[in-house]
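Per-chain numbering from 1; labels A, B, C, D and E assigned in written order.
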Amino acid sequence: MRLLGLKTFRHGVHPPESKDETSGLSIRQFPFAPLLIVPLVQHMGAPSIPVVEEGQEVERGQRIGRPDGFMSVSMHAPASGLVRRVALAPSISGRMVPAVYLEPFPGSTQEIEDGTPCPLEATKDEIIAAIQDAGVVGLGGAAFPTHVKLKIPDGKFVDTLIINGVECEPFLTTDHRVMLEESRDIFTGIRYLLKVTGAERVIVAVEANKPDAAEHLREAFPSDLNGSVEVLQVKYPQGAEKMLFSALLGREVPSRGLPLDIHALCCNVATAAQIGQLLPRGRGIQERVITVTGPAVKRKGNYRIPIGTPLRFLLEHVGVADDVNRVFLGGPMMGAAAPSLEISITKGTSGVTAFTDTAAERTHSPVYPCIRCGYCVDACPIFLDPSMLGRLAASEQFSTMADEHHLMDCFECGSCSFVCPSHIPLVQRFRGAKAAVRKSKAGAA
Amino acid sequence: MVDDSLWTIFINASLVNNFVLAYFLGICPFLGVSAKLETASRMGGAVTFVMLVSSICAFGIQTLLVAIDAPYLKLIAFIAVIASTVQLVEMFIKKVSPALFRSLGIFLPLITTNCAILGLALFQTNKGYSFVQCIVYALGAGAGFTLALVLMAGLREKLELAEVPDVTRGTAMALMIAGLLSVTFMGFGGLGG
Amino acid sequence: MASSKSSTDEFIKGLWNENPVFVQVLGMCPVLAVSNTAMNALAMGLATAFVLIMSNIVVSSLRSFIPKQVRIATYFLIIATFVTVVDYVIQAVSLDLYKALGAFISLIVVNCLLLGRAEAFASKNTIARSTMDGLGMGIGFAFALFCLGAVREILGNGSLFGASLFHDSFENWVVMILPSGGFFTLAGWLLLFNWLKQRRAKREATTALGLRKEVA
Amino acid sequence: MSHSELATAPTPAPPSVWHMYRAMVGVGVFCGLLIVSVFQVTLPLIERNKAEALQKAIFQVLPNASTSTTFSFDVDGGFKLLEGDDVGQPLVYAGYDDAEQLVGLAVEAQGMGYQDVIALIYGYSFAEQAIIGIQVLESKETPGLGDKIETDPDFLENFQSLDVSVRGDGSALANSVVPVKHGEKTEPWEVDGITGATISSVAIANLLDRSAQYWVPRIRNNLRNFQGED
Amino acid sequence: MANGGKTLEIRTSPHILSGYSVDTIMFNVVLALLPVAGFAVFAFGLAGLLTLSMAVASCVLTEHLICRAAGKPSTVGDWSVTITGLLYGLTLPPSLPLWMVAAGGVICVALGKALFGGLGYNTFNPALVGRAVLQAAFPVAMTSWIPGFAAGRFSSVPSSTLTLPFTSPEYDAITSATPLALWKFGREATATSDLAMGFISGSAGETSSVLILVGGVYLIARNMMSWRIPASIFATVFVFSGALHLVDPTRYASPIFMLFSGGLMLGATFMATDMVGSPMTSRGCYLYGALIGVVTIVIRTWGGLPEGVMYAILLGNAVTPHLDRWTRPTIYGAKGKEAPT
């Protein structure tokens, strides 16, 4: 679909972008914390199995966890140091998860040992194994193990690979910086991805608010690659893969289906960059680029932060206002509120945003009854009826929501809650409803 | 014989003097079967159908009663003939189209003892309509009944999710909506005149 | 349950606790249609009550004579007969009243209250009990109709039983006589009943609580 | 329930067909007797009531009449004194004064009003060639508004003498009866409307026009039918 | 560190809001209505002022008292009942006895809104519920109009305004017909300029089409009102009455006259757009507008009443649940083949 010259999808919302303060700041290396806590589950799927013991010394880049089955990836040491403990640690979900407590040696260098490289000439299966071994998960937010996505089942095929550099979430500028500073890695990664998926062409999607990135990628686009850089309208959630498919390909992923059903596949730019960076050197992920920003942050910026850095250390290092009261991992639209400062940075963390009371936009606004204004209906990119779903949720008619109103198709983008003038916590209700439906399904099965 | 045009008869029976909202006929099914749209529309279809059948029956009976000069049998004859005809039709539909029977069937026995049906028979006789006029009258009344029922069902389904105060919940609320619908239909006054 | 009740109880229940209109919401069509004046309402109520009592008596006296398979048909026959009787009697008494009540006299036949009482009560009880039930339900029905008719006539016409209540310049609330007024008035009565019921329930709950507290 | 239980359960005696017939016929006879006797008793009363009501209405619209006779109309044969087998034919009522002179005819007419059909009876005077009175028989017009057609003195004054004279050739009315806005009546064939009940009052004018267009020429062409010269 | 002992607030995403809020939307509607109300006062003088004040006061007070009686906090602060009162007042004849105005205000809020659960749960437009019931209750008073811009309108009120409660109003000999009644019962068309500027008699708020449009454009520009509904109503009315007018200009009024006369402007702009009673999908809004337009013209042209906007909108409210259901869009991904499960 095309409006005013630029491609986009139907519906969606326009939250304030708030990216100006960090989009011009280049990526800076972040120091090691005195204690890194590396959770062994940073992705969807099974936790990795620890391969180190308490008291063991590890090298930066050394494997500390091995995959537990196909839906799992390797973990690598973000720093050279001493394994203090292998024990439970708090996580963003509030649950305790197994983790490796790693105490970096003082003065530990940022140097990394190379492992066995996986060249572009390797077979598909070798590359997929290498990606799993490098611990690559989707850096676009969902942290889905990338090698699982790339394993195309027999009889299926992919014709288009989409590299997602949209970054529609307000405040975040990591993908923007990665596109500007790591384009070589991105294109190397793309070559690996094209090879594995067998796709004929690649489209790099960028939102119109990052013209410099689009320009840079166009210039750097290798002439032998079949593909293009497409600039999309600025609209949330343009970065969701479903919205990219409809905007760029005019195809819709079938309800409850997979991108494969429409012969497309989507990877985040940072994921592509990581693949392009790690595979030729045989390394694993030890760090990632994260935007640290928000009104409460003093030294905002885009930092390359070691995985496992505790939130408290991170915020102390950049400095935050005294009255900070809300910290989100991710941006304000989809990010999760940090329950405490004791949790640590994981591969899925694309940003840390901190707000103070005064700057908080979601103030203690009164919740009104739904006035049927239809703003949410006009916002929902999945064409659901959030107003009806919200009212059904309030009276706990979860099965009606799922059976008649497509509850399970909601991908929790939050557009509906964002626009609702009655301040009804719609997405929150939908999450609860989905959990209830899943539970009753599991109970019935 | 009345010289009302068929169009006037239809508009009058369906909108201006809607059987439910202006004549108060068929209030029980209107209140009882209007909570869900699905049942409401099927009920509307079934009522329209039975109205048509009974209108034809009533026309025949009236002609017969006039011929044999036995007006005092009118009521009993209407009731008996309409009830048994509906029964026959029900059996017929069951044989011929089980699918149609499943969607209309359960309502048929209920409807026979409903005052909208008998009312239609009595009114058309009082008005002295011809055969064709009777049929149009029955269709109009059925359409009006269905319209009222379906509108009501939509509103009640919508209000099911509302935080209605306890005192209003139930029949009282249904009656209030019916009253408001009735006020709304007053706008059609004078149409078709 | 029923057997432990006296005939007086059967009578009382129809008036109040199981009032056919306000509590059971039965026979709504005549209730709404002919309650635009107190006179019409009362006449209709009494006509219905008469048919109800008579059919209850006949049904209960014939209850061993009528086989199950044909009972509904016979009930209808009996009810239709008494309605025809009432219809002719009213015509003979007053043509004006007959005109005001219109087809609704005939429509008593299909009033679910009648078939309901015949089936649910008279076919299982003695003549005495059924008579009392018919009386209670019938008078309860007439009472409810009168409640509606009175409100509608007073507001809609400024009169009761045709006698003017206010001075001449009273502005009639025409809506009350119109169909929508019927719906609104009945809704109003039901609201009142709901409210009373709730208040009583609340009061009982609090006294029960109080008792429990005292015990404790 | 298992089979053995079914077998041991007492089965109710199958109702004999005779019982059913007995019940139906018995009740039927009882009901029939009741209805017929009530009908017989009330019939004269009802007929008298109806006749009285009709008489009253006829004399209301034909103030000078003291007796009336009912005629039926046959398109081919003209007007005839009403006999038993004329059911279904339209009726008109001729009114005679004390001297047994024909003063006029009362005719029933109906038409759509604001809410429903308005039925009325009007009196036609030969002498004046005019409608000299109306009486509404049936109307569901809004109380206090549309029902002014029955009560509003200004409106009823229209029908003290509403011109319905026929054209020279006797084929139609010389002037149609037309409704006009309240206070704008200038011609004797105009009906002065009621403010606030325009539709009802216009409906009366229109239904009178339609009825008079049909009846008045026919009545005048068959005048002798009413004077016993047939 | 800074946040030492403090607890963080945990809410689920999204953590920012668009900034729209029910009370700000409602307040802006009140603002958009003020010029219309001001013109009504200018045109009808003291009578207009008293009618509007009484309408707003009775609505607001009823809502407040009902909330109190139900033991809930008063919801007067969300401004919605002020809109109800203003719009209700604007639809009344300015000479209506004040006691009737007050009675209708109670009906608006009690029957139209509170008994269904209050804001957001009413199925019919509360202001129109009040007006429709009042019209059925007092049909004569509700169709007695005074001309606007009468001399001395700021120093005296029509005798009917101050009628004692529950008594019939007496009218001075100054009642006059509205443009629609003039057309319907006399085929007299009123000049378009008079219609647009409001030099006519009619309800307090139906006199100034221009100010109504200005208010509507303001709200649409701020995304506080659906443009689809008024656009669809205007288009339908224009096309339908235009076609009739082409067939027989002496019998059917011109489309411009139809657009600018009676309550159409006010109804289409401020009342049909009440979100609570109108559809949520865009296709639903078009159909809803078309229905209102058609019913309005049908009633005006062939019905018994000179004006039908109110009944058309109420009917639209009644049909809304069905429109919402029929026009529910196909969800993303449901058009393609069924997903493998």
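Keep in mind that, in the parts below, contacts are C-beta pairs under 8 Å (C-beta built on N, C-alpha and C of every residue); 3 or more make two chains touch, one makes a residue touch a chain.
All values reported here derive from a predicted model rather than from experimental measurement.
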Partner chains shared by subunit A and subunit E (touch criterion as defined above): B
Minimum number of chain-to-chain contact steps, subunit A to subunit D: 2
Farthest chain relative to subunit E (centres taken as mean CA coordinates): A
Interface with the most contact pairs, given as the two chains involved: A-E
Most distant chain from subunit C by Cα centroid: A
Mean-CA-position distance for subunit C and subunit A (Å): 69
Rounded Å distance between subunit B and subunit D, as computed from the means of their C-alpha atoms: 27
Centroid spacing, where centroids are CA-atom means, of subunit A and subunit B in whole angstrom: 60
Intercentroid distance (Cα basis), subunit E paired with subunit D, Å: 44
Overlap residues in subunit E, where contacts from two or more other chains coincide: 111, 115, 117-118, 120-121, 133, 136, 139, 304
Shared interface positions of subunit A, touching two or more other chains: 369
Residue list for subunit B, restricted to those that touch at least two other chains: 22, 72, 76, 163, 167-168, 173, 176, 180, 183, 186, 189-190, 192-193
Which pairs of chains touch, using the document's own definition: A-B, A-E, B-C, B-D, B-E, C-D, C-E, D-E
In the complex, subunit C residues that touch subunit D: 62, 65-70, 73-74, 77-78, 80-81, 84-85, 88-89, 91-92, 94-95, 99, 156-157, 172, 174, 177-178
Residue ranges of subunit C in contact with subunit B within the complex: 25-30, 32-33, 76-77, 80-81, 83-84, 87-88, 103, 106-107, 109-112, 115, 175, 178-184, 186-187, 190-191, 194-195, 198
Footprint of subunit A on subunit B - complex, ascending: 161, 163
Subunit C-touching residues of subunit E, taken from the complex the two chains share: 100, 111, 115, 133, 136-139, 141, 166-169
Residues of subunit E touching subunit A in the complex: 1-3, 6, 8-25, 78, 80, 117-121, 226, 275-276, 278-282, 328-341
